[in-house]
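Remarks on the structure that follows.
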Amino acid sequence: MGNWGDIIIQGILLGGLYGLSAAGLSLMFGVMRLVNVAHGDMIIASAFLSLVIQRLTGVDSPFLCLPLVCVLMFACGFGLQRLVLNRALNADMLRPVLVTFGLSVVIQNGMLEAFSADSQRLQANGLEVASVSLGGGLVVGVVPLLIFASCVAVTGVLQWILYRTELGRAFRATSDDPVTAGLMGVNDRNLFAIATGIALAVAGIAGTFTGIRSSFYPTSGPESLLFAFEAVIIGGLGSLWGTLAGGIVLGVAQGLGAGFSSAWQMLAGHIAFLVVLMVRPTGLFPKRGN
Amino acid sequence: MSLVDIRGLSACYGDFQALFDMTCEVGEGETIAIIGANGAGKSTFLKAIAGVVPAPSEAILFDGKPIGGLRSMELVARGIALVPEGRCLFASLSVEENLLMGAYAKRPGEWSLAKVYGVFPRLRERRHQSATTLSGGEQQMVAIGRALMSNPRLLMCDEISLGLAPSVIANIYQALGPLKGRHMAMLIVEQDIHQAVSFSDRLYCFQEGRVSLTGQSTAVTHAQISSAYFGA
Amino acid sequence: MDFQVERGGRASKNAAITLLIVLSALTAGPYWLNAGHQSVLMEIFYFLALAQLWNLMAGFAGVVSLGQQAFVGIGGYTLFAAIAWWGIPPLVALALAGIVGLLVALPVVHMVFRLQGAYLAIGTWVVAEVLGLGVSQIESLGAGSGMSLPIEVADSIEIAFIDRDGVLYLGALFLLVTGNLCAYGLLRSRFGLALTAIRDNESAAAASGVDCKRVKLVVYLATALGTSLLGALIYLTKFRISPAAAFDINWTSYIIFIVVIGGVGTLEGPIVGTIVFFLLREYLADTGTWYLVILGLLSVAIMLKWPAGIWGSIAKRFDLKLFPTGRRLRVSDREL
């Protein structure tokens, strides 16, 4: 039992990271039906951003850099949407996919040029090796626990924004009917920019945690994107808590696969996704129909 | 000075020219009805004023200032509200949230949730329901309430009666009656000619994108309307 | 008033004649081109063929796939497996690769078509990852590090008096020409009318009775078949395969750059795109990853500013159609 329990707990905690990676993707799709193919690369870019800030300021812990990373990523997201992505939004979905795919290639190769292909890791002042005992022989790392707690907190905050604030109301209204939302005085271009800003701020958190938890490369973005995407689909479109649940399913499946080999860790996650797609194409926790 | 002054407005709906050199005036606090056959350009006319359909800048004066071609989000802030044809409620929002969306532009004024519920008491009972679970008449009340929440100086209603039972239509017009007056002008597109004539101060009849008749609602005759409606 | 429905004009007749001359010259390539030029041309052929297939699928049928590397890899690996496991002659193995690609695509289409629009695109990418990871588990195909073809196999490709490079060169040209002819024929057929309708407006096409889902499915499967054949041919010329290279997303990146730069949704676009792509590579190859950064920026800029691509923008300006697939109305006023 000990071993299985351990695998499942680790998987759930890993799922927190996937949930965090997926939240931004889910938000952008929910608000403007835009699938950001460069999302994974933006997560990895923010890990590099943390690295650079940590080196420049000499701060001990990347956790202290996090607010600055979030602010910078929000600004990037806002600018990106205003200057680039808003122009790609139109009736057909070919353009947004190809534009964000192009951005993904640009960001990834830009990072390769700037940081080389070497692996990097964020130093968290010894915290990354600390662990706590949960009793019953279960020991979990402090960092995975922190990541999971942050994911729950971030999902809670996003949920609160969406359903309890005027901004969230405008997000949902615009998603339903952008023309009528315009009649209410909603400036959709600005609103979309805010949504992308928030999505990238969350990607900033996900990226920093990715960097603390494990080593990362400039080419890690696509992997991040695929896991985030799988978490969204497993959880069901349009549900933030569902996305977190999807991340957990993915994390547990990967944990079970890791028992065989590192290739199976990846494979098991992807297979879990394909199985859900076959059995329940709307995901495990789809948003209830209107 | 009139609140809305439209001179030589031509507008297209897609590739199709729907309005030709139209002239129309709405006085402060006046209630105007627009009638006309399907395809006469009534909806496009309202949409052009509301900024949903592009229009040349000088063709529409609101409060003496050119507003043609401004985007709808800027026009709400100036006091122009449209109740769109088919109601267009936000499906994933509750009744109350739909009403609150109306106040998004934060235009100061007398309207509040409580006052809208005062006009349409049934909405208070249903305020936490999803807007799509309501009956057609109730949905229309939400759409009107939502527009009122923006504290408009000009309230435009596109086909309020569409698909509603006569008793429900009567209810809605009864609720709207007391709102006519000094603070708010109304521009109402209505298929039901009798309703249009009895509710409005003046009326316009459109035919194929042009004004075919205008006059005091009490003064126009049945014969005038039917010839303006269907053409000579 | 007089009007008639026509397909092409003088430009398209001239284009057809020029094309025939160029093709004849290229077919004779093994006699007058040196090995270096042949290999560059061969690469141009298969990139153009891959791009044309993707264009047919994304530009016309509206199925955006980011997972074409799945079929490049499956084609290549089927060829290697058929040769290494059963000693099948390479050219027969090539045909087998196409069939296997199609067989793999059948269950794949069943899964990814449950996803909508842009999510379908990422879904195809996941499938490519799964296939790559799966292949890297097969020990007898060299697992993660891949394998090479024995030299005897390479030498066995000669046909009569044409040497190995010549055969591969002609093979690539053959696939390119048949692929394009099939696409051209398809687009001019009744099925092509459905495809063009979907390209222009999917909901209107559905309302006119086009079974959009079936059309998309058929195009996806046809593309999978063609891409697998090309994948097999590519790896037959490379003689060495590995999961990381064969299932690399860059296959799809290059294809997309070619189509986007040239122009989505026309047959001429990818030809222009391929020329630009190879010219840029010629001049920027030394810059390493900057090359990809520049390509990425260029494609983003084109998508935002000239979504019809280089060819589409030129064609629109001068009303040019070299390989007309559509019909147009010519109206002339004539006094009676």
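To keep things simple, chains are lettered A, B and C as they appear, and every chain counts its residues starting from 1.
Keep this in mind: contacts are C-beta pairs under 8 Å (C-beta built on N, C-alpha and C of every residue); 3 or more make two chains touch, one makes a residue touch a chain.
Please read these numbers as outputs of a predicted model, since none were measured by experiment.
Chemist: May I ask you to sort the chain touch graph into line, ring, star, complete or other?
Modeler: Graph shape here is a line: each chain touches the next, no loop.
Chemist: Mean of the CA atoms for each chain, then the mean for all of them together: which chain is nearest?
Modeler: Central chain is A.
Chemist: Go ahead and note the Å separation of the Cα centroids belonging to chain A and chain C.
Modeler: Spacing between the chain centres: roughly 33 Å.
Chemist: How many Å are there between the centre of chain A and the centre of chain B, using C-alpha atoms for each centre?
Modeler: That gives a centre separation of 44 Å.
Chemist: When the centre of a chain is set as the mean of its C-alpha atoms, what distance in Å lies between chain B and chain C?
Modeler: 53
Chemist: Which chain A residues qualify as touching chain C in the complex?
Modeler: Touch residues, chain A against chain C: 34-35, 37, 84, 87-88, 92-99, 101-106, 109-110, 112-113, 222, 225-226, 229-230, 233, 263, 266-267, 270-271, 273-274, 277-278, 281.
Chemist: Where on chain C does chain A make contact in their complex?
Modeler: Touching chain A from chain C are residues 58, 62, 64, 66, 110-111, 114-115, 117-119, 121-123, 125-127, 129-130, 133-134, 136-137, 144, 249, 253, 256-257, 260, 264, 288-290, 292-293, 295-297, 299-300, 303-304, 307.
Chemist: Which residues of chain A touch chain B in their complex?
Modeler: Those residues of chain A that touch chain B are 166, 169-170, 172-173, 175-177, 179-187, 290.
Chemist: Could you list, by residue number, the parts of chain B that touch chain A in their complex?
Modeler: Against chain A, the touching part of chain B is residues 50-52, 71-73, 76-77, 81-82, 84, 88, 90-93, 97, 100-102, 104-106, 130, 132, 146, 150.
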